[in-house]
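Structure below; questions to follow.
As written, the chain order gives the labels A, B, C, D, E and F, with residue 1 at the start of each chain.
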Amino acid sequence: MMPVKKIEIIINEIGLLKVLKLLDAAGVSGYTVIKNTTGKGERGLRGGDELTGVFTNSYVMTACPPEKVTAVVESLRPTLKQRGGVCLVSDAQWLIH
Amino acid sequence: MDFNLLISNFLNPPILFFFLGLAAVFVKSDLEIPAPIPKILSLYLLFAIGYKGGVGLAAGGLQTQIVVVLVAAVVMATFVPLYAFFVLRRKLPVADAAAIAATYGSISAVTFITAAALLEKLGIAYGGYMVAAMALMESPAIIVAVLLYRLSSVDRSGAAFSWRELCRAAFFNGSVFLIMGSLVIGALSGDAGAKTLKPFTNDIFAGGLCFFLLDMGIVAAKRLGDLRRAGAFLTAFAILLPLINAALAIPLAYVWGLSQGDAFMFTILCASASYIAVPAAMRLSIPEANPSLYVPMSLAITFPFNIIAGMSLYLAIINYFWS
Amino acid sequence: MDFNLLISNFLNPPILFFFLGLAAVFVKSDLEIPAPIPKILSLYLLFAIGYKGGVGLAAGGLQTQIVVVLVAAVVMATFVPLYAFFVLRRKLPVADAAAIAATYGSISAVTFITAAALLEKLGIAYGGYMVAAMALMESPAIIVAVLLYRLSSVDRSGAAFSWRELCRAAFFNGSVFLIMGSLVIGALSGDAGAKTLKPFTNDIFAGGLCFFLLDMGIVAAKRLGDLRRAGAFLTAFAILLPLINAALAIPLAYVWGLSQGDAFMFTILCASASYIAVPAAMRLSIPEANPSLYVPMSLAITFPFNIIAGMSLYLAIINYFWS
Amino acid sequence: MMPVKKIEIIINEIGLLKVLKLLDAAGVSGYTVIKNTTGKGERGLRGGDELTGVFTNSYVMTACPPEKVTAVVESLRPTLKQRGGVCLVSDAQWLIH
Amino acid sequence: MDFNLLISNFLNPPILFFFLGLAAVFVKSDLEIPAPIPKILSLYLLFAIGYKGGVGLAAGGLQTQIVVVLVAAVVMATFVPLYAFFVLRRKLPVADAAAIAATYGSISAVTFITAAALLEKLGIAYGGYMVAAMALMESPAIIVAVLLYRLSSVDRSGAAFSWRELCRAAFFNGSVFLIMGSLVIGALSGDAGAKTLKPFTNDIFAGGLCFFLLDMGIVAAKRLGDLRRAGAFLTAFAILLPLINAALAIPLAYVWGLSQGDAFMFTILCASASYIAVPAAMRLSIPEANPSLYVPMSLAITFPFNIIAGMSLYLAIINYFWS
Amino acid sequence: MMPVKKIEIIINEIGLLKVLKLLDAAGVSGYTVIKNTTGKGERGLRGGDELTGVFTNSYVMTACPPEKVTAVVESLRPTLKQRGGVCLVSDAQWLIH
């Protein structure tokens, strides 16, 4: 077991590619994406509209070493400010296999 | 205005399914078309309409008439977002004005398809190249709007402007790319291809359209609430703009000598507003614009207005002048 | 009982695909129809059957025969959940008794469709209004069951009872709303509409049904395990109730003078049990009831029983009395 | 970064609307929903049956200030008791943007 | 090699849609076919081809010709993975060699379907039993590969080897099970069944195929990048193996007296490589093998090579010898 | 509220059944599954390919008493080693209802 930080990001589907590029650039070793999530936030209700794709969110999760967290979240901040979305950081243990 | 026309249009199954979708939301039914079915239905409609257009284009050959129509299409698709932007700018922030301008400068394939079904019912012909015109009209408004936005706003994001990304969003976004590609394939693959694909592209088309409009009704009704935020100005705009655009398109079509069917389809293209290609492109290129304005305007007002009242009105006027 | 009938019914592709689905689970194949395809297939079937029914209804005009059938439908759909509830109540808690009663009082559209395919194969006609009867039979059992439940149970949830929510769950749940809506649209949109939609609603219908039954076979086999929990009483109930309901329906149909085809369809409706509309409504209105009882009973016993043996049996009896 | 509590709820899809209403009523600022999840719990296996929708779950996540947690979970408790489901609360940091 | 044949094949809509998919990725369009549509399209194609094959089989009756073809199919499907494994073993670890050998020993239903469309266009007949041959050729390579892998490798996982699980992966994986099942149902359900299902299995088939190939083009282009990792040896292998297999299949077909159409379909089966059934089975039974090798090889090289150049080449050679 | 450990597993879809069997065998009381997730890790990019299913992941979450964690993760270790994937463990509170 290795202590890591879990970073969870919720972002509009159309901004997903941008976020993944930023994660790659920040040097994370991997990530997991769940598409087609919906939700409600400052920018109102999303979902119930699969037509335009404009109101659909993606959920991205990446586990990374604690020392990388600042770099990752700082690189995400401008995109989240511009496009909306949420970023949560929490503690977890990674099973080394 | 021909009342029978209105009724006959209204009793078309696709239109009725649109109302069924509206009704489902009003009575709080839990009826819904689960994702990603609406997406695949829209891909199917674009595929079919593009392919049929390509077949029609190949059958027709290239004549001056076609060139005229295509030029007219590009001209209107560039002019509409320009004038709309300056109207909207009086009341709205730059980003929203640009995004709504793009929405109204571009076109709605489903409105086009519904109009085509009406013509078919009435036995009025139109050229296969109208589909090409439609495909050409999707992108210019996106380019114009993004340029207007870049020119009018202080760039807050600090991101370098990339022509490359803009063109990709305008010309290669999924909807535009698929309809263009299907058009080319329809034109290339000839009679044999058209015959094998007919059951898929033509025969079951009406059914796919009914399902799609059922979903559009549901989504439109769900988005109606957003309009309160949009306010009276934008609500009026969403009805007036199609009327103004039609009022511009019909005389142009007359002067340029378009046939009755072509004139009607051209008018519909100008009067319709995008709710698939443009919203996706705006979300990418002008993320500051609020989709809760431009999506419900085009989807919950302009689209139903056009298919219920607009279409019959434009056709009545055209019938009057062309006969 | 006509053995040829049994075989001929059995060799229908939809029935065979149901068995293929069962077989897939028994040999532990990883074959599955991914979500949300089963959902959209069921919407398609409801759409098509409703639309075709509406077209038939419009073609037929309103006669006394129709009124008789519709009244009979509502009577049976109200009576069955009542008597079923009091039988079930002897062995089961209130919530489960009510939910199972609703399941058997309501109907299964796919059983109806499979029966219709059999009649078509045998060249026996039935009225388009039978679809209206089916649509009418979906909801009463839900209302009756929820009322029985409220009357018989001390309310643990403390939630106020809302007639409004109950009616919404009964009349406006997705399946009921779509079939009703399609029926009305089919009746309104006339011959022209029916002709354009025919390839979608009629021609490819058998294929959609095969895929749907393939999925039902898979789901039924997966739910078979739940039946161990249900026990012998409920397993027997799931076979006896359709037989009893058919034994009630056939004489009624005879007395009321229904035609051979109508009598058969009416019997099938009474004998079938819901596994889409009712489970969803029960989950909402009687959340304490255990879906691992009522879903596998209707899906994994009653449905296969009806399409394999029941249908041929009822038809043989009807043939005997009507000829 | 702001410390928040992450509340995760797993609820039968048919009960989803109820839960979202409760969240709105409890005054959370937003939430994210993942539909079409499956699972196993006290009430047996769910999933493998997209037909009835009766066995499908939704996953709801909301991040809220620690002082709101009690109000939120208490408002959810009766619904979870009646319909089954799971509610987990954990710590996280919210990236302010 | 007949140049007209190449062009005529190339201008088939399905092939053109494959290129459109490739193009979408190259211009970085965001066009995509959302999950699970590709899955359901592939189930549809397997269903339709299986069913049509079964109908053809029932129509034909069992003759010696059929037995010869089926034996030939099993022989080739067993021999190819054997020789391929020993070639690959010189350069690759056991797991990868086995998985790639299985990929090339098995077949691609979509290549088969595309070849069938070409024959139909040219008016050349082939037997319905070729579909049975195809179904038979899916599994042996999986068995052979897993056995080779178990024999050649020290087992690191410590898991006991289970024949039961292997057979399940080989014979009952979703794709194999559905095509086999549909074949049997097609054979059982006779003329009446075939007629009702025709609009679904035949008429809209070309459209489904176009959409599927559009998706395959997109996926193939996305996977092209993986090939850099695969290197020159595997890239060459992915083109040479179909050629060698065709060079083995054509003389065999000649000696065994297959008709022109059957010989062509047999050759296509031998030359094609699996990208649905085998990858799923390998992932399960040889998880150590790297799917970023075997999937792009078959999907992004062998499949396009066969449908663009291979098919025309094999047919030209067969035309030469058979006439 | 009861303290539990949240175990999150990301595994190739074809290995999902195996993981669920292991969880059952380790005696967890329930779990939640999200299918059709994509991601990137040591074994390259997954997703964008719904054709073969070979590159699709599933996300599995189970909440269990802290004393069970070791047994669960140890039973998962060999499968993760063989098939790739990720396992994270974190703290949470379970709402007793």
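By our rule, contacts are C-beta pairs under 8 Å (C-beta built on N, C-alpha and C of every residue); 3 or more make two chains touch, one makes a residue touch a chain.
These numbers come from a predicted model, not from an experiment.
Annotation: C-E is the more contact-rich of the chain pairs C-D and C-E, by number of C-beta pairs in contact.
The two sequence copies subunit B and subunit E touch through a face in which the numbers common to both fall below half of the numbers used overall.
Per-chain CA centroids place subunit D at a distance of 19 Å from subunit F. Separating the CA-averaged centres of subunit B and subunit D is a span of 39 Å. Chain centres here are Cα averages; for subunit A and subunit C they lie 45 Å apart. Contact of a single residue of subunit F with at least two other chains is seen at positions 34, 36, 90-91. For subunit C, residues touching at least two other chains, in rising order: 32-37, 39, 199, 203-204, 280. Put simply, subunit E touches subunit B in their complex at residues 11-13, 16-17, 20, 23-24, 27-37, 117, 121, 199, 203-204, 206-208, 210-211.
Subunit A contributes residues 8, 10, 34, 36-42, 47, 57, 59, 73, 76-77, 80-81, 86-91 to its touches with subunit D in the complex. Against subunit D, the residues of subunit C that register as touching in their complex are 32-39, 42, 156-158, 215-216, 219, 222-223, 226, 275-276, 279-280, 283-284, 287-288, 290-292, 295, 299.
Here subunit F touches subunit D in the complex through residues 1, 4, 6, 20, 29-35, 63, 90-95, 97, going by the rule given at the top. Contact residues of subunit E toward subunit C in the complex are 35-36, 39-40, 43-44, 47, 51, 168, 172-174, 177-178, 181-182, 185, 188-190, 192-193, 196-197, 199-201, 203-204, 280.
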